[in-house]
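What follows is a group of structures, each given as structure tokens.
Shared chain: chain A. Partners: chain B in the first complex, chain C in the second.
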Partner chain A sequence: MTERLDGPRVPSEEGTASTRADTPHVQRRLGPSPKVAILFILPAAVLLAVWVVYPIFYSIYRSLFDASGTGFVGLGNYTTIFSDQSTFYTIIHNLWWVVLAPIVVTVLGLIFAVLTERIKWATAFKLIVFMPMAVSLMAAGVIFRFVYEQDPDKGMANAVLTVIASPFASEGYPDARPWGNAKSPIQAQDGAIVTKQQVQAGTPALIPIVGIKQPDVPADAPVAKPAAGPGLTGTVWFDFTRGSGSNGAIDGSEKALPGMTVEAVQNGRVVATTTTADDGTFRFEEIQQGSYTLRLPKENFQASFSGVSWLGPAPVFAPELGLHIVTISIILAFVWVWAGFAMVLIAAGLSAIPRDALEAARIDGATEWQVFRRITVPLLSPVLLVVFVTMIINTLKVFDLVYIIAPASVQPQANVIALEMWRVAFGGGNNQGLGSALAIVLLILVIPFMIMNIRRFRREGT
Partner chain B sequence: MRKVRAAAILAGLAVAVAACGNAPTTTPPTASESAPATGGAKTLQGVKLEVAAKWTGAEQKNFEQVLKAFSDKTGAQVTYASTGEDTGAYLGPRIQGNNPPDVAILPQPGLVQQYADQNALKPLNDAVIKEIDANYTPYWKELGSADGKVFGVLIKAAHKSLIWYRSQAFEDAGVQPPTNWDELIKASQTIADSGTPPLSLCGASGWTLTDLFENVYLSTAGPENYDKLSKHEIPWTDPTVTTALEKIQQLVGKQEFILDGTSGAMQTDFPACVTKVYGQDKAAMVIEADFVATEANQAGAKVGEEAKYVPFPKVGDTAPVILGGDVAVAMKDNPGAMALLQFLASAEGGAVWAKLPGYLSPNKNVSPDNYPDELTKQLGQTIISAGDTVRYDMSDLAPSAFGATDGKGEWKVLQDFVRNPNDIKGAQAALEAEAKKAWK
Partner chain C sequence: MTAATVTAPAEAHAGAPRRSVATRIVDRIGGGAVQVIMILLGLFWLVPTLGLLVISLRTNAVNGAEGWWTVFTKPAELTVQNYQNLLSSGFTTSFWNTVLITVPTTVLVIGIAAMAAYAFAWVEFPGRDLAFLVVVGLLIVPIQIALIPVASIYGGTGIFGSIPGVVLFHVAFGLPFAIFLLRNFFIGIPASLLEAARMDGASEWKIFASVVFPLGKPAIASLGIFQFLWVWNDMLIALVFADTGNQPMTKYLQSQMRQFGSNTDILSSGAFLSLIIPLILFFAFQRYFVQGMMAGSVK
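Let's turn to the complex of A and B:
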């Protein structure tokens, strides 16, 4: 409904040069007679009444009835919205959108606009930044669904992150763990693996490990061997034989785990450190007689960075206020689409700024930052406000991006009013009473910004 | 693949022989001038019928062959209309415009009640009901009924009680296909120890979780409780639900059992989780219905060799068999429509269809020997041997706000439960709260 009213009217250019607007004001009275005017307005008015006014009032009426449309529930549906936690959270999510998205879009648009004024290839740059506007939001959603894919082989965002992180990654054995039952001689402790019993020199320690993913076992890893010889020794190996599983004994065909760091710990202090050899054995040279706990520190098991769960419910940034990472990811997609629009509007405004004011300031010795801060931005403020308010309205009615980007299991954490409205009314809920109530709530949220916009148009008109 | 194709050709020949009697020509199903049917007069010569169903492509072609067999038998001329995915959106306007098809095939039994309330359905006549009594257990008759009248008959089934596995992963770990729940848990542990996550969970597609729950629940709580819970006659806080969730907890409660961990699995939707087992060889098992075969094939795994399945193991006393499927109803009361429904409900019609690929019959008198491939034969056998305990997919019997909406109802609560499998009481309370909203 709000679609057309917030459209890119670009009223700003006249606004900045409002002195000229007085002349057509007088001319308007010389126009056609009111009767003819009404005749011409009539088709539009009828269409508006049928497609906008009637639906609004019918929605209000319908929102007072239950799912079947026959039972009057008064304000029951509105109570449901604010008492049902998941529905209420859709409003909270929408508010996050309103807080975050318009600001980012406007600031980014302003930066782009100001910077492109100075570069040679401004048109080409603007064209590229504006291009996402040519893509429908639906298609943008599909694109970003892929960008945010968790698997770095598919998702561009994680592919970039993992490539950046890869030089710092350690070669390890992620997912390695002791076997699940109580008979295991080792146990997990704060990410490390330690022996349950103290070990002494002379009795080789056995550290059987399972669960290592096939690709992480070195293909040429030799078969594990029992340790022998003097000193504190032992073997670390992948204790899994096809058919018989894990039994804590080195069975002759099981793979060694070379390159594993082993620490000897006494009274909570690391006394010595060594590394397993190719056959999985390790030996502490020159260590005093006594009992030690052996520890495989957690560095052995660190998985290489596999990217961020962009579309997950976690991390949560404001647990009580329902800001999940998925919302931020989707807002970034929204910014990608709309930044170009903001840039073009602001650039248009920028070109209408009187140059002499800027020149005067520069001659008076103002720095570029001061010029930007004290002259450009105030002169641009009408345009910035238009962009900002338009974005607020756009974020309030956002639907397609959330619908497409958020995986079904995370939709409750990403849900917004427009999507909830559709889902409740048509997408399975079949409760058009509650759906209408949500539509009205959305309308009420949009109205202040509509009024703001209309007032501005009026002010500029006079 | 080769086996399947050969079987398909054989099946095609068999149909040709059965349908045409002689002259196995490939004439399209226009009028039936020739083709003398073996028995009886063509009582419906000149009658024109329209059938609407959602099937397209190969499924539509196969169904049209069944319709042709009907035409050849009775002389009626049947045209097929595709409803597209949203059957309701197609039928709604036609009902309003007083121009419904003679026969419609509904993808959910819930629609039977809905259309019966709108007086859009015609009760089946005695001949059809007799056919249903002969070929179906009373459960299916009730499923196609509303307000004490029989309106529909389940004519095509999807088998939802299967566990698909990758034979190589089982061999690598040295485990045998499980025959009961404890074996499944034990095998999962061994597979996890061997370095392969045992289970690829399609967490983003809520319906796969409801299917898992339904199988465990039917097996532990039995068919009577299953029926009660389907109608919300017992609350979701019932102890039988606790038991079922405890069993599921054994499977999803261990991070090492689930490919990509819970958070990764929650972003994996249905066909993707199958590809992770068969195309990418990352996990060992995926718990879903017979139609996994299509996805496995596309991922390059040969069904029966690399892609194998076991019937969903017994968790409690009942061997669970859960079906989804399509219900045929009459929207116009005429002899042609009734005759067609009678044909579709009969063992004769079922046998014609069964010889074509991609079809499974809920009709207990359609012999599994009719099916073109080994896999379908076994599936058909499980349906027949489960007899009276076969049940329809519970979530599809529930109001869609509860059982079939992304991010809502049962789908959402089960997703939350998989994220936090220790909170069984909380999950039950949430399920009950959602159910109360949907059934009010």
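Let's turn to the complex of A and C:
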């Protein structure tokens, strides 16, 4: 599979393998002298030697010296990397990237590749998902800065989340407060609202609330009614009539406040909880005779869900583990950029799987899942590996997205090796010793994949 | 393809023995669910860029007050004011710097890599296989490794901060991929064509220029588009090696990030302009783009 992705397949306009028939390893008896080769290779060799190969050795050498480059510090810069808390955590952050991003991209690419086979507008879908590949990571970063804006009225991510969450969120009445008159039967207490007097069964409690903003009151909310009947009861309502204000009495036209949580408290302990009905009334069933204080807990008065702090420094697990919300958000942007790459590569692999094998399995009674799990995925594994490894390399080198998306105040929680290297050496740190050491660490991390590439290339022996 | 089999009218006549009515219904519903999921996913991929476009077409005051999606109810708020402001700012210079960096880099990479690739593919010389393995190894060397050393070379020769310095850095780091891609393509050219030319007494340069290079056009197109986008979209190399007068768009826009929130006009319109040319190229040449990406997937 991969051999065909790699070279000769690329040009074949005809799309058939037949063009390869006469290509393999022909004996080059008429070959020119090696001297000619030098002329052809020289420009590339010089550039690679000066700009790529020499710097590797210079970086190793330079990493053994201090910031100014005059004092030999041995492995001092490397011990700094592992002992300095903030520098060490850039490596941890990179490890989280490696753990999370490649698997998500690969699995998503696989799902997309399989699902696009089932829709008629597959080409349009592929173009859309693949499009971010053409866009600079800088522009992608700007795009996601806008997406992740905290205010749900501006940031799209939170706008979507709050819309999805709204049916599940409790009816919040922010800014609600007790009627401020001395005759008011209730008062505020630690964000909650409590009755001033103890209440007993048989005497319905009145809980008049004011200060609710008009938009928060449902336009079709029913009129509040006095509670009746046995047991501990009462009414919670919006005690406000246009023109006459508040008076602590249910006057027959004021709106009920449904969905309020009411607690019955005795000796500082919550003994029962209930919720107000559509008409604002509530009733505690099966509660013992006695005197209670009624409390509307503060959850009633908190603003409803207003979204996630996408670019915030809050840790996902324990802070020592070094995974923060901001990293997850940036990884999502990374997935947005790279899923198309995975999809296209895997789709090419998928189209090379012989249809006969799949059909034979189906005719033998295999379910679609079994076909996918037992035939498709194993046959795709070389391509999946290529995608996965490419993503690991990309996550190790990740720079632009982190630098652009993480706000300045959250950069320490989002920082990665490549960014720290730039920051230390050029972005103000001016410590080229430590910068070189970080570059070497980065190189060491990609060397296993370099060896893998070379081995794969030799095995496929073009 | 299951869906296709199920809906095919011929199937009804044939009576598809292994597909019960129940299976077909499940498939049909499953197909509907797939459609819905794919539409949602498509929107997830499309809408953020669309949002950037709308934001770039609204004033800071409007963007500060409400989300871009309110454009559907208030289309009158759209304006090209941000773009007019942008074009009279330092952005215009940075746009031309991007062009001045990207075009020469792409041309140089193609030329230099094609020559080397030809030698690797068709000229025997001692150590050739080992040298090519080195190229394969260099494919994924992180550019961070060269930032400090090359900066010190540039500092000594006085090209630090200049456009040629940026171009040369890009060319060098573009070469491993370019050589790899082109060599794998060139090696597929029929040997008989080259041998015929050699028997006619053509020089190696002539064979390269008039046989191999023209035949390699599909791969060169792939490489060209890929290399162009790679350089056009680079930020890190520009951050280090381009000084303010020579900075490309990416660096210019990056310098605007610090005031994120107050200069939405510059950022949104600048980011959109910076991605419009890659998008046009992508849609025009997406076949070559995909081919280049596949061929270089080890990178």
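What we mean here is this: the second predicted complex is superposed on the first by the 293 of 462 C-alpha atoms of A that agree within 3 Å, B and C clash if a C-alpha of one lies under 4 Å from a C-alpha of the other, contacts with A are read in each partner's own complex, and residues count from 1 in each chain.
Heads up, the rule we're going with is that a residue touches a chain if its C-beta (ideal position, glycine included) is under 8 Å from a C-beta of that chain, and two chains touch if they have at least 3 such contacts.
Fair warning: this is a prediction, and the values are worked out from it, not measured in the lab.
Applying the stated contact rule after C-alpha superposition, one finds that A:G211 touches chain B and leaves chain C untouched. In the superposition on chain A, contact of A:N453 is made with chain C only, not with chain B. Counted by residues of chain A touched, the larger count belongs to C, out of chain B and chain C. Using the contact criterion defined above for the overlaid structures, shared-chain residue A:V129 touches chain C, although it does not reach chain B. Of the two partner chains, chain C is the only one touched by A:T390; chain B is not. Within the superposed three-chain model, A:S309 lies in touch with chain B and out of touch with chain C [touch as defined at top]. Using the contact criterion defined above for the overlaid structures, shared-chain residue A:A418 touches chain C, although it does not reach chain B. In the superposed pair of complexes, A:N430 makes contact with chain B only, with no contact to chain C.
After overlaying the two complexes on the shared chain, residue contacts for A:V147 are found with chain C alone; chain B is out of touch. Within the superposed three-chain model, A:A408 lies in touch with chain B and with chain C [touch as defined at top].
Common to the chain B and chain C interfaces on chain A are residues 407-408, 427. Partner chain A is touched in their complex by these residues of chain C: 1-3, 18, 31, 34-35, 37-38, 41-42, 44-49, 51-52, 55, 63-69, 112-113, 115-116, 118-120, 122-126, 128, 131, 133, 135-142, 144-153, 168-169, 171-173, 175-176, 179, 181, 183-185, 187-192, 195, 198-199, 204, 208, 216, 218-219, 222, 229, 232-236, 239-240, 250, 253-254, 257-258, 260, 267-268, 271-272, 274-275, 278-279, 281-283, 286, 289-291, 293-295, 297-299.
Partner chain C is touched in their complex by these residues of chain A: 2, 5-8, 10-11, 13, 19-20, 22-23, 26, 28, 30-32, 34, 36-38, 40-41, 43-45, 47-48, 50-56, 58-59, 62, 112, 115-119, 124-125, 127-139, 142-147, 153-156, 159, 336, 339-341, 344-345, 348, 355, 362-363, 365, 368, 386-387, 390, 393, 396-397, 399-400, 403-404, 407-408, 418, 421-422, 425-427, 432, 435-436, 438-440, 442-443, 446, 449-451, 453-454, 456-458, 462. By the touch criterion given at the top, residues 86, 150, 175, 177, 179-180, 210-214, 216-217, 238, 240-246, 309, 311-314, 407-412, 415, 423, 427-431 of chain A touch chain B in their complex. In the complex of the two chains, the chain B residues touching chain A come out as 171-174, 189-190, 192-196, 203-206, 256, 260, 263-264, 266-267, 269, 399-401, 404-408, 411-412, 415, 419.
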